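Think of it as A, B and C in the order they're written, each chain with its own count starting at 1.
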Amino acid sequence: MSEMIDPFIKALDQVEQTGPAWLDALRKQGAQDYRTLALPHVKLEQWKYTNLKDLRGAEIAAADAALLDALPATLPDLDAYRLVLVNGRFDADLSDLGGLSDKALVKGLEQALEDGDIETLGGGFEDAALVSLSDALLRDGAFIRIKRGHMLDKPIHLVILSVGSDKLTASHPRIVIDMQDGASATVIETHMGANDSAVVSLPVSEVTVAEKARLGHYKQQLDNAQSYHLAHSAVTVAEGATYDSFVLQLGGKLARCDVRCLIDGAHADVRVNGAYHAGNGQHVDNTSFIDHAAPDAKSAENFRGVLDGDGRGVFQGKILVRQIAQGTDGQQMNRALLLSEKAEIDSKPELEIYADDVKCSHGATAGDMDEDQLFYLMARGIDADTARKLLIQAFLFDVLNEIDYAPAREIFHDAIAAKLGEIA
Amino acid sequence: MAATTETIEQVKELGGGDKYKHGFVTDIEMEFAPKGLNEDIVRFISAKKEEPEWLLEWRLKAFERWKTMPEPDWAKLDVPPIDYNDIYYFAAPKRDEDKPQSLDEVDPKLLETYAKLGIPLKEQEVLAGVAGAPTVAVDAVFDSVSVATTYRKTLEEKGIIFCSISEAVHTHPELVKKYLGSVVPYSDNKHACLNSAVFTDGSFVYIPKGVRCPMELSTYFRINAENTGQFERTLIVADEGSYVSYLEGCTAPQRDENQLHAAVVELVTLDDAEIKYSTVQNWYPGDEEGRGGIYNFVTKRGACRGRNSKISWTQVETGSAITWKYPSCILQGDNSVGEFYSVAITNNRQQADTGTKMIHLGKNTRSKIISKGISAGRSQQTYRGLVRMSPKAESARNYTQCDSLLIGDQCGAHTTPYIESRNASAKVEHEATTSKISEDQLFYCLQRGMSEEDAVSLIVNGFCKEVMQTLPMEFAVEAQKLIGISLEGSVG
Amino acid sequence: MSLLEIKDLQATVGEKQILKGLNLTLRPGEVHAIMGPNGAGKSTLGYSLAGRDGYEVTGGSVTFDGKDLLEMDPSERANEGLFLAFQYPVEIPGVAGTTFLKHALNAKRRHHGEEELDGLEFVKFLRGKAKELGMNDEMLKRPVNVGFSGGEKKRNETLQMSVLEPKLAVLDETDSGLDIDALRVVADGVNRLRSPDRAILVITHYQRLLDYLVPDFVHVLADGKIVKSGDKSLALELEEKGYAEFVSAA
């Protein structure tokens, strides 16, 4: 068998050299690390259930800074500041950032680098080839900073659009969110394709929530069914801070969201919740790692998934409680509904605990829907099909209640209904 | 039924001594094959046992494979490199030429050893005329060879075969050839490979159609000689409609160096058959600083080949410096049932990575996993389990409950389950919790006048009760004692 | 001679000083009631006497039957004859009530150089005690307090008390969560344990328990001190007037 050429190696020849020296060093290190690590394969424990073999031999081109005349019609309309990235590049025309307080910096990442808003980037992931790749190709993205004690009046809607071409194109948006001490904001991310061409989207997020700050961070992944979505998110939460997050994954041919959350201060409150649906031809992976490195913090993870057709779901969740993290409360649950003969769910909830004064638990279930409930609905005159549909959606809607921010619940609700079909 | 409250009293009796109870060495004339692992040793062992050609070839294939296979590295264990050439692969009491036919002929020193161990050689009591002593047939394996199999006559009348595996190779070659390696292939993993190449003895059990074995069968393993590995191989076949309960116990003397134990156990149940396999593993765990102790690298697997068949594993793991062990069930037959009940206690510097695999292949197959892990001292313990529902496992069910208890803040308790479902009608439920001994519970006991050690032992026994209840009576008493002893010095 | 002598007891929980110089003397045969508003330090007194971690005695002394109580660890205190009936009895899954009590009783017997009871003797002994409290065998077999109602838990505490025959029983809010019938059963059980060589300290917020468990002395505890002592009529007075004057005075 001939050695396949790594699909991203070529891109490393075009590493940028603009910006400050530290950024150059980061890109160089990233390129070097990616050359060593290469595209992840299933022999790595972290990638045991998600196989990138279809990408392995693919020819991937860098995405153009495509020009888009208008936002997709299906984009939810939110009363929010809007920051739009197209193929990883900030699009000022489609963005709407009017009326922002001077306590909030919301702009393209390239601009922020130019303005000297950022002194360092990178870190948070070890041995993650795709993050190294992103470091190597780092150029633009989104930058959000809410200054000390400021509470933003409206949410920020991050719209991350991919415009594919006749070639398989890759974009590497970097999203930086910096919540300073006591600041508070809500960020909603919508990832979607602006056309039906296949793309590879490799967003990397770096989020810091400083002391007593609060971030509501809600992402919906609605990429088209030809595309790859391989996201990484590194979150650091400081003392007394709250990170309330949710990931809704409905799109993509192969989609994976990998969240690593470092709890760095006591009494932090972290919620990493999510819902997913994979239908025919879809593979959806939710991987998370919650690192309790400070005492008396709380983390909760609640995921629900529906797998239909030959759809496959993967849940890997790890809670690490370091010895210093006495008083930790960590809960984790993944519940999956399998609807067809070919559907599959692979769950790996994991606890690694070195402190004794803890309350930790995890659970996972997989199975069909509740027969008693189904019968109850039917006994009230609802036909079997409708009853099933109702129950399937209810199963996913239920977990949306974990979201603190009501408008986000609503748009996610609509997104689920749009995919699974309105019920008459 | 479960062990009664009285047994807790016995825990206390033993509470005074803080040393490994089985840490003595028996001075018996031994015969050794030279140290080291090579083709000649494999041939030597095979020749010593006058094995047929097919078995020697199988061993050699396993050895070839072993040479190229990497050590399993996925477990959460820190295993120092093993010098396979510094181990004796064959050590036997000298009298091997003239194997004892009954207990009377066994070297009295050996019998003394077993008496000292208080092992379920309850037959001694029977022989001594102790009324009401339970009947347990025992196969005792001392270092490399089986030294005594008791109660053979009674069993033979029912057509039950219970003998050492080297003997079975000669007396029942067709059964051995058919089933050996059929559940755990020689290439399964590095340790199984090694076992297949150099296994020296172990037990063989065959329960014929429709026979319910009238007594518990038991194997008792002991590593005695220095620098000796123990590689026993157990094969149990339960033919249609039969039942057997099998017990396994292990000890080793206290030595500063580490000793390797790489066993393989294969179970096969045909239609409507049931095997209940219980283990109390109490190999020497090493001292407080982690010096010495057994490396317990064991591959145990059962295949429920027949419809409505059942395999149930119960293990109480308190010993060994390092434990790597995953008694598993392959549920092939429709309606077959697999169970795994486990209590694992690690203290001081012990490490354990243990759990199970439940592979559901047939329709309506059911499995249940109850795992209770207790970590104390500076020990690290991991539950690792796999539940797989294959596409054909219509309406299969699994329930898993995995609880970990931490005693002290220098130890670790980890849970790594893999849950793979490819069948919509199958239901999998997994729950796991980790916590420490409740201070409220502890204080409540202290307030009622118990010592802290008593209180911990009592609470831990309560925590493990669901598993302990599944042990046969003979073992429950010993296991309950062990829990108290294993946790000594873990509090205060 | 006094059985319990508390002198100038000061105790803190966390950083907070709760007991601020409490004095109290109990002689054998006496029943004392300590009443007081919420937060006065009632439960702290019970836990400090029983030696619970986190309740730190920072001053004063407690002499129990001629010995320094504060020098002893919790189980020694119990074996010396101090019994605390918990306000919230703890559940211990997997441990049968009989097993639990047998351990407790034999620990005490060992402590006093007496022979331990074997299983059979103990069960006989326990059954007799349980019958007096209207508890059936099934309840004894169940794991300690697991799935018990509030009343059953308190009854179980009383049973333990009658089995362990303490010199001093401290009842911490034993009436909380009980309906009137359960209250009566528990009070009857305690009354049966009244004897010339045993003292009982009833800690309670309400007077109603004292209708059934008539005290010889009543003390008002407010802001960590005994602020008033009297006979049983004081309890009735408190019932009528409430604790307001003590709270404001304190």
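The rule is short, and it goes like this: a residue touches a chain if its C-beta (ideal position, glycine included) is under 8 Å from a C-beta of that chain, and two chains touch if they have at least 3 such contacts.
Note that the structure is a prediction, hence the values are computed from the model and not measured.
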*Work out per-chain C-alpha centres and flag the one nearest the whole-protein C-alpha centre.*
B
*Dominant interface by contact count, named by its two chains*: A-B
_Quick check for the class: compute each chain's Cα centroid; which one is farthest from the centroid of chain C?_
A
_I'd like the Å distance between the centres of chain A and chain C, where a centre is the mean of that chain's Cα atoms._
56
_Distance between chain centroids, defined by C-alpha means - chain A, chain B (Å)_ = 45
_Taking the mean of the C-alpha atoms as each chain's centre, how many Å separate chain B from chain C?_
48
*Shared-contact residues (touching 2 or more other chains) in chain C*: none
*For the complex, which residues does chain C have touching chain B?*
50-53, 73-75, 77-79, 84, 86, 89-90, 92-96, 98-104, 107-108, 111, 119, 143, 160, 164
*Which residues, counting only chain B, touch chain C once they are in their complex?*
4-6, 8, 438-441, 443-452, 454, 458-459, 461-466
*If you look only at chain A, which of its residues touch chain B in the complex?*
45, 323, 326, 336, 338-368
*asked:* Applying the document's contact rule, which stretches of chain B touch chain A when the two form their complex?
replied: 74, 389, 391, 404, 406-436
